[in-house]
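Paired with chain B in one complex and with chain C in the other, chain A is shared by the two complexes that follow.
On to the complex of A and B.
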């Protein structure tokens, strides 16, 4: 798993690549919380994500909760395949705002 | 910022030992006994990645013993069990612990600790085996409870749950760490037909969405035929056959036909031994 950050408009974009699981979700959590604590809204880019387990999903749920409390947003972009199925199985597809691609998000 | 995860993890260790095929478990010439009593005899069976394998057989056929061997809870008298290429019969305790983290087990009665709430039971593996933040652990447990339709039962004690709820809570705990493989012992036993069907659907969903390999031990035909990709039929400690649902339904082996038709077993006895047992101690 690897992840990196970029900017899109006034959003921070967290690109997740490969597999997020118990062995690395704490790093994703730290990065996500750092961004939100700086008052930035986040787009989490799933387009190169192959697998995300429930520790990864829990991290995003925690992030969404913090974002909402701070008047920020956390959006998922490019979810497909197994990660999308996990979102559907857990019904989190009804909780997160999900867009097809980062570029779909405007001002 | 860019972070790459190159830590040496359990996954790396076992991946080095993995076979290149899609086989997750390979059982070769496995025999197992309780003392002098032979329970499994020369079993050869594989479990493929992502499949639902149902181990089916009547009472006393050796299903549960096979499950215990696959979990490394019991040493076979001969043969081997390879998990991702690693012989679990010859690994040390610490290696076995690493392998077990990839296995989830849902026991027949749920096997929850009666002194802990449902929520704490489900969180237990995460608290014991990970250093995840408590917020993450709480959300993970609630996600699993939601999945099992137990959203409002986190604070209840196991004694306050029905049989079906206990089973679902046990399943929630079994999958809390998103195991690579889930072993489920008699999922439908003791459940009403509707709950049983719901549980079957849940097993199918877990496989699809979490790419989980699932081994189910059952004697419930309808459940087996609903969820199985392959069925392995055991009879008196021997593997009679393995095949798809259609292959099992069309199997011509009398033992399989009797199992499917629910024909009672004919008790064949050794007359001399029987008489000896009945008259034991008589002058």
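On to the complex of A and C.
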């Protein structure tokens, strides 16, 4: 798993690549919390993500709750394949705002 | 009923092993003619069960043993996950959270959602826990 950050409009974009599981979800959590603590809304880019487990999803739920409390947003972009299935199985697809691609998000 | 053993293998309770466990489960489930979506879901459920063993049975201790047996009885594929940790409560595989936004329980929710049965087999003969998960085999697809 690797991740990096970029900017899109006033959003910080967290690009996740590969597999997120118990072995690395704490790194994703730290990065996500750093972004939110700086007062930035975040887009989590799933387009290169091939696997995510419940520890990864719990990290995103925690991030969403923090974002909401701070008047920020957390959006998921580009989810497909197994990660999209996880969103559906957990019914978190009804909780998160999900868009097809980062570029779909406007001002 | 006659069972057919498909896998019997040990891993450690190190989170870095999860990727290899998923790889092995993907190969087995693909050979059983599950669809790609079904394979993804089953592999996820096994991964969640192993994650729970690591976190809650072994309490993040990395040198515990996780032994996985996979077999079929002609109707179901049976996954038995053995650990050597202290016996855990059977209640820990019950879905607790009523909302996915509540902390905890996502992994158990996934296991219950994907598998046709999930249960602990507690025996006095062996130490630790045996979590047994069964999934109905796909019917013959044209």
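In this section, the second predicted complex is superposed on the first by the 107 of 107 C-alpha atoms of A that agree within 3 Å, B and C clash if a C-alpha of one lies under 4 Å from a C-alpha of the other, contacts with A are read in each partner's own complex, and residues count from 1 in each chain.
Definition applied: a residue touches a chain if its C-beta (ideal position, glycine included) is under 8 Å from a C-beta of that chain, and two chains touch if they have at least 3 such contacts.
Please read all numbers here as calculations on a predicted model, not as lab measurements.
*Asks:* Will chain C clash with chain B on chain A after the two structures are superposed, or do they fit?
*Replies:* When both complexes are placed onto chain A, chain B and chain C end up clashing with one another.
*Asks:* Using the superposition on chain A described above, determine whether A:29 touches chain B (first), chain C (second), both, or neither.
*Replies:* first
*Asks:* Between chain B (first) and chain C (second), which, if any, makes contact with A:104: first, second, both or neither?
*Replies:* Touch status of A:104: no partner.
*Asks:* Touching A:7, do we find chain B (first), chain C (second), both, or neither?
*Replies:* neither
*Asks:* More residues of chain A in touch with chain C or with chain B?
*Replies:* Touching more of chain A: B.
*Asks:* Looking at A:89, would you say it contacts chain B, chain C, both, or neither? Reply first, second, both or neither.
*Replies:* A:89 sits against chain B and chain C alike.
*Asks:* Is A:21 in contact with chain B, with chain C, with both, or with neither (first, second, both, neither)?
*Replies:* both
*Asks:* Regarding the shared-chain residue A:57, is it in contact with chain B (first), chain C (second), both, or neither?
*Replies:* both
*Asks:* On chain A, which stretch or stretches are contacted by chain B in one complex as well as by chain C in the other?
*Replies:* Dual-contact residues (chain A): 21-23, 51, 53-55, 57-58, 61-62, 82, 85-86, 89-92.
*Asks:* Which of the residues in chain B come into contact with chain A in the complex?
*Replies:* Per the stated touch rule, the residues are 1-5, 7, 9-11, 130-133, 135-137, 139-140, 143-144, 146-147, 176-178, 205-206, 208-211.
*Asks:* Hey, which residues of chain A end up touching chain C in the complex?
*Replies:* So the residues of chain A in touch with chain C come to 19, 21-23, 51, 53-55, 57-58, 61-62, 64-65, 81-82, 85-86, 89-92, 95.
*Asks:* Taking the touch rule as given, give the residues of chain C at its contact with chain A in the complex, in rising order.
*Replies:* 15-16, 18-19, 22, 37, 40-41, 44, 47-48, 51, 54-55, 100-101, 103, 106-107, 109-110, 113-114
*Asks:* Would you mind writing out the residues of chain A in touch with chain B in their complex?
*Replies:* Against chain B, the touching part of chain A is residues 1-5, 18, 21-27, 29, 31, 51, 53-55, 57-59, 61-62, 82, 85-86, 88-92.
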